[in-house]
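Below: a set of structures, written as structure tokens.
Heads up, the next two complexes both have chain A, just with different partners, chain B and then chain C.
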Partner chain A sequence: MGFKLGSEEVVVNGPKVAFKVFGLNVTETVILSWVVMAVIIGLVLFMTHNMSKDNPSKKQVVAEWIVETVNGMVRDSMGSKNLVYAPYMATIFSFSIFGSLISVLGLRPVTGDFSTTLAWALITFFMIQYAKIKNDGILGYFVGFSKPIALLTPINIISELATPVSMSIRHFGNVASGIVITQLLYFALTGLSHAVGLSVFPVFTIGIPAVLSVYFDLFTGFMQAFIFTMLTMANVGAAYPEEEQH
Partner chain B sequence: MSENGFLSFLSIDYGTIILVLINTFILFLVIKHFLFGRVNKIIEERQADVRKTYEEADKSMAHAKELETNYNELLSSAKDESAEIVKNATKKAQVRSDEIITNAKTEAGSIISRANEEIAHEKQRAMSEMKNEISSIAMMMAEKIIQKEISQKDHEALINDFIENVGDDAWQQK
Partner chain C sequence: MEKAIVLAASAIGAGLAAIAGIGPGIGEGFAVGKACEAIGRQPESSGAVTRTMFIGCAVAESTGIYGLVIALILLFANPFLGKL
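Let's turn to the complex of A and B:
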């Protein structure tokens, strides 16, 4: 993807293909997602190492807080019968937030690749279909598309398919726009440094992008991870019949 | 889709999708097992502990109540017993004190009567002693006063009269 700025062109690339395995591209995204996984797994193992029932350490308190919070959110939006989904919600949230936050280190965010967010949205999509078939039966599942009236069947199918598309594009678009804007800003600030005769040392690229980074990396990263997880919970939870309030 | 080893900015890459799915699944297993599994286990253990503690507290409470009723029963019976003991002791003490008082009274009576006897005896002795003393004094006086004027016969009659009078109550009162 390129932008023309006067006579020069800014090229914003997709993820680099590192190598190929069995004809599958192993891209920057996948390698960085391994890094992110390693960080998350390391944190999990560190926090839950040597846990004590009677006098929990600070890291154990944090681990318990995380589990309790996720359990509470899943219980609120999906009902206490669906607590089995809590570990998945924690997975998708942590993967998404750390995958976005690595851009703070100057790396390409994992979530800035449409394939990543599409993969997650597909999981959500199949979870919703699984929940519907499980609750309505295979026949009831297909009959469900023609409700409330048969005329709405195509629209129901489209709305069903739109859920993963909108979720994945929302997440990808927010993070990717951050990548694009940051690259454009770097280009512009380097150009500004050249214009005032500081071509050896582009002084304007120090500090100013950091302010933007707080918004695009920290705020957007957190918000999109939260939105994606909440939408997954809400959509999958909606596929289950309403639980009686207790 | 590849250009110079880069994928295009908006691309759908099957390799990435499959590998991200695998990665997500692995991360899910780790988080499920190591984070949620361990923490939920700890929390459940803690809840079980709390439940156990409450049950034990209830049990101890019931036990304490039982003990309390037992002790109250024991206490009331002990009170009755002690009252009985005190009553018996009082009765015994009364009997004993009565005995002591009677004994003391009899003893005092015997002491008084003995003392009275002794007094009477002593009085008797003093009286006879006095009689003898007075008679001799009277004799001496009479000898001195009348020396030769009174005959032996008159003399004896006078003394006897005098001695008779000494034994009288009238004289004694003087």
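Let's turn to the complex of A and C:
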């Protein structure tokens, strides 16, 4: 979809369809996700290659620091019994960061597609349900919806279903608004260059979009990855009974 | 003609959807102000306060993001044009 702005047409596209497999669209997002996954797996293999106990290399120290930080975050917000969730949180965090940061290279961020964030939010949703059923039993799980009084059952069910919706829309909305605003600013600056007679060389498009890019790509990318992970931890952790403090 | 009316109304609707930004703006300002107060009182807990504040801000932000999504749908994936 697009609309006219002077002689230029402002176009803000969804992800392009690269090719089709059995009628399923394989979009830009899917291919870039594969690239991001390959980069993350490569990085992880590189950092954990040739580890040694006595004489740790620099990359091993970085890898250990990352693992310690994620473990600490999970321990703080979910309790030390739930450390089993730490790898998933680190995965979501790194995937989200790399998925958002590829926009620095001029690619379309993976997280700017609702399918990506919805998939992550659905994983979180089923994780919450699994944790609840595991702790309360299948009967206690369904009874739990009618607490504190039976009248609130529909509201409890809606609020349960709203969790994945709000999580996915929050992440997608932040990244997608960045894409749209950067695009609009780019076209506006091109138009400005035309207006002052510099149509051959749009001088205003140099530098100025980079300022916005720092906010929308770097800050929003890190912030949303952090928030998505923290909310996943908080929501899944809330399904577990409180741990006694020692 | 009909199309023009639908497009104009959608544009106005998208603009109105941006009003949803007021609530999160006030709410987040409040949260950040309180967080600053808390850090001023207890500077040693600034890490935990900042982390909690960001999560609170993110939750407060979601209503504004809903407005944004509605505006984006009206502008770029208008469902009403197909019904003409």
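One rule holds for everything that comes next: the second predicted complex is superposed on the first by the 237 of 246 C-alpha atoms of A that agree within 3 Å, B and C clash if a C-alpha of one lies under 4 Å from a C-alpha of the other, contacts with A are read in each partner's own complex, and residues count from 1 in each chain.
We adopt the following convention: contacts are C-beta pairs under 8 Å (C-beta built on N, C-alpha and C of every residue); 3 or more make two chains touch, one makes a residue touch a chain.
Nothing here was measured: the structure is a model prediction, and the numbers come from that model.
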{"item": "Which superposed partner A:Thr29 touches (first chain B, second chain C, both, neither)", "value": "first"}
{"item": "Contacts of A:Val74 with chain B and chain C, given as first, second, both or neither", "value": "neither"}
{"item": "Partner chain(s) touched by A:Ala131 [first = chain B, second = chain C, both, neither]", "value": "neither"}
{"item": "First (chain B), second (chain C), both or neither touched by A:Phe226", "value": "second"}
{"item": "Which superposed partner A:Ala176 touches (first chain B, second chain C, both, neither)", "value": "both"}
{"item": "Which superposed partner A:Ala234 touches (first chain B, second chain C, both, neither)", "value": "second"}
{"item": "Which of chain B and chain C A:Ile102 touches, first, second, both or neither", "value": "neither"}
{"item": "First (chain B), second (chain C), both or neither touched by A:Ile41", "value": "first"}
{"item": "Overlap of chain C and chain B interfaces on chain A (superposed complexes)", "value": "1, 12, 14, 176"}
{"item": "Chain A residues touching chain C - in the complex, by the definition given at the top", "value": "1, 12, 14, 166, 169-170, 172-174, 176-177, 180, 223, 226-227, 230-231, 234"}
{"item": "Of chain A, residues touching chain B in the complex", "value": "1, 12-17, 20-21, 23-27, 29-30, 33-34, 37, 40-41, 44-45, 47-48, 51-53, 56, 60, 63-64, 66-68, 86-88, 90-92, 94-95, 113-116, 118-120, 122-123, 176"}
{"item": "In the complex, chain C residues that touch chain A", "value": "51, 54-55, 58-59, 61-62, 65-66, 68-69, 72, 75-78"}
{"item": "Chain B - residues contacting chain A, complex", "value": "2, 5-21, 23-24, 26-28, 30-32, 34-36, 38-40, 42-43, 45-46, 49"}
